[in-house]
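Chain IDs A, B, C and D follow the sequence of writing; residue 1 opens each chain.
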């Protein structure tokens, strides 16, 4: 069973390679009657697309999405929504050098071994370019969730040693780092310039939260809401760790401190991150995810060829010194996909339950 | 879609409540011809079962597993394996007090709201007692994996502020904490005694690794090996964070440091944790998971009743001051379930690919 | 992926062999709050159980079902329902003779080749005894459907050349053949006696209908309601053909005859069997299924041994001359499982749509 | 859970409407290294496409397929294969008349009620035009199966009262009816001309067989090979009945006649249709399927409007008097999709079993 489908009720099946014809998806199970236009999706795509700033890859892709089906007279029909973005600025020639080399930190080696063949151009299917379709599908999910009063937002909260706790959500789209902390923009900018000079890269941390999620979403014991969030965020390229609520800090917490007490006003704290027993509590659902530093750097590295010979490799091309930056809209999209799926799953089994 | 099934090819569907008739599972998709006896499973269960030491809940459960089907003349037949453990020491009377109260940090509130009804006895389905079946199924998975030369081991590497990096794997089963670091046993023991005195609890961190995993397992782009590990570990009761390889440390790493270079001898490091692009690299696969402090403590806490009235609650009963301890065999089991499923999935699609 | 689970939202995972410890199931996704007792399930099981009449196998099995989980204080809790029937009258000695022979018309050969091992006792997993769990799960589904005003009924409408069109539904449980046509009972009885004398067997046809199904259930384009009915009925042991509505008669019909016209009173006919485009129309949903003659007969037959040698085989043991008879409650159960699953699936995606 | 995905390991997710932008699919789980070109798929598409003869709809669609991903340098890469056909000859104006009328025998009414909205142009998603993607995906499946020595072929064996048992497979592509019986071509031609004159339509029966299927495919107890064939064929537009092997004829057969005896030369007959206990026997797998007469006819029929008013309707447009004719390549495609999925499923669980 190949793994290119996300979700159980609201499913997203994606396809496409970095330097192939394009990227696409089938979004199945979307409720009917939702207003949906290309612009809704395009807006989300524009936030993640390459070439938007000097901090991210200079590949120029308009990433113009086309809705191929499932929308009629401006509304979803309940039938599958086909999406397509054609690749434009592919420059395959940049990549011919790596045809026979496994770039360290990349999936070149594992794809080659798994399938016995790989599209080496720009990483093929393993390229982060694949995430464009996550963002597109996430935009549809977000529209469904908005009808339920749910909004999702994410921000870069750390880049290397520059920590940027959320201070001001309104700042996120006003800087090139999706940073909710204006004070951190200048140090981040300095760090990126330094990395470019060094030909190196750095990791990042992203915080995401969903407001308005009602109590009751999540399907224990395996398909818990937090478990699916963990999978969703860890499935993003370069992700290495996921935390819900207080995350790894719980290791040193006491039970008397961690457990979120309740009064008639509701929960008195949210150490849990809005999930208890795998089911949403009605509080804000939040999580964090860590992204490794970009593997494509210009500092030479040791690797082997497909023939098994040792070589030094320098990854040319147009790469981000910090892949985490552009991951912000992707993290939001994955959170939206998790939530919309659990919304429908819960509704299927429990539509009749009174929760107020 | 309820969420009580794990896996795509090697599936485990569990059932059972803490104080009901018992716990059970259907393991479907296990290859035929594997030697399997009750003892194989019992051995694993005995490691996690309650009442084994003064550090964990004093509930006395023999947890005797019965194989109901799928095994004939000592070997699996390829048909589903039914498993059952009957509950013995249930003492339901202990729990009648919480019938109308939502214990803070527990799933009482979320189950009640989701389903409109809950088995309040000992947490019902949300009890960690459910994990007995994960361990039982994991023991079967481990036998399949052993045939492929794969072994899995986990250890408690931190309890509260007592850090216990892996030093000596042979020590794990020699202490009550599943700790691979003899020096940490005494401080951990002291901490537990202090917590018992205070009626409080503490969190924990567990490290797990799988040795012998070949290159090629994992199904990008969503069902990556690391994404499924993240989900599997986060689906365990009380888990709040999961890391693969260097985890959150990647945030401050440079690309030149993190990327694992290769020579003709193989990878020169394993910052990735044995996974690149969601596919195993052939190195040791490793992960970490954080468990929150036990929510059932004897320090009074604020909560509300099912009628919406404010009350103070003291959780009586027999509880672990650190739920993370007993999670060690569960973490191993979940890792086994992830790997065996990906073994079969990869074999289904790629059985013909030469990888040597 | 093994195939022992039915359904997407209301799932049934079964296990167990004819002569093993017993038969069991996990029913996951059942809505909470449904009244459910062992008696509800037992009633359904009693209709299919062996030993009820001289027309069916004389194996004596009380088939006493035990609910292991998922029900609390008489109501379902939304958590998985574990079910178990222990085998009693197994008489494994009857079957030792066939250990090394492949009974013609049975699955002995295919199980042996597929898995390299088989539980030869009474057919092991391939025995129709497995269907007890379908009936048990179907009884739970029927309770959910009853709340929606849906009832399901089936009848034997043909045995060999004895045709018995539905005349009087009230007669079904008053005869040993589940026949809704009192006039056919005597000829069927005569046929069975003749077959017993000859040591032979005969096929059968069953008609099933579901009344009260609202418009809108079924998930095109692949998971159509009629497609899932076809799979469900064909998945029953010995089934060889399935028809919905007019079935194979449509081959010679004209469009002007077949299409069900509508007036303000509703549909004027029901050639379609209550399904258009894979979605229920609001009319009665009906289907037919054909069962092959019992393969276990006392007339000697040619076969080979597991060593590849030719032998003549006589199937001893306690067998029905017409397996179709006992299939009636199983057919009802599978129809219930299809409908309840589609009820929840439709509700998940389309709960908000006004249909009146 | 919407139902637009077929398969468990080799999955096909389709999208697209009759008069929308086009039709597409994602084929996931295809083994890597299979030679695949547009021509391979186009060849199959050309057999089913409209406008090929006067016997079928006169809509002119080149149905030019584009491979969007998953193929590199002429071979599959193991990553998802995206497919797209853009609609050309849509003539939406033909359909505006039916915007507010539910055509009898069509899915207009059920889609409207299920989703509260429908793309009424040419039936939208419910149009048989959707099946183009089944044929395209089936062509890929057929290439995988060909490597295993399996070939699939189907033929129209009855149209109305004109019966055409298979006589000569080489004739199938030499007549406009996909008929393997040259004697039947003239009577079929006469029947079609008569129907055109009357403005009426007629049903059809198709026979399909797969040669070379090895013993061991199929996943009891629910995902039996024959059960999945039943679902696959019943999921095709206008299908109303499915039979495997002797089908409904088994009702009147005796066990001594039906059971396929074995000698050291193998099975002596194939009443079972190549499946026992839901697992392939190694013989030819065969099935039959009945298609209802085209619902779009020019004889006026009674229906209601979306406002609930009674009207007479005449379906204009370009329609086949016998939809069954063009179903022949679709039936082959669905058989291929069933088989390839079971090939991979069996290989996943049982790759190590010796079957010779």
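By our rule, a contact is a pair of C-beta atoms (placed from the backbone, for glycine too) under 8 Å apart; a residue touches a chain by one contact, two chains touch by 3 or more.
Chains and their UniProt names: A, B, C, D = Chorismate synthase.
Because the structure is predicted, anything quoted here is derived from the model rather than measured.
Relative to the C-alpha centre of chain D, the farthest chain centre belongs to B.
For the pairs B-C and C-D, the larger set of C-beta contacts lies at C-D. Chain C has its Cα centroid 38 Å from the Cα centroid of chain B.
Here the CA centre of chain C is 26 Å from the CA centre of chain D. The multi-chain contact residues of chain A, meaning those touching 2 or more other chains, are 1-2, 4-5, 8-9, 14, 29-30, 32-33, 78-79, 114-116, 125, 220, 345, 348-350, 353. Of all the residues in chain B, the ones that touch chain C in their complex are 1-2, 4-5, 8-9, 11, 13-17, 20-26, 28-30, 32-33, 66-70, 72, 75, 77-82, 84, 111, 114-119, 124-125, 348.
Across the complex, chain A meets chain C through its residues 1, 8-9, 29-33, 78-79, 220, 344-345, 347-353.
Across the complex, chain D meets chain C through its residues 1-6, 8-9, 14, 102, 104-107, 109-111, 113-116, 125-126, 130, 158-161, 195, 200-205, 215-224, 226-235, 237, 239-248, 250-264, 268, 271-273, 276-282, 290-297, 299, 301-304, 308-310, 345-346, 348-350, 353-355.
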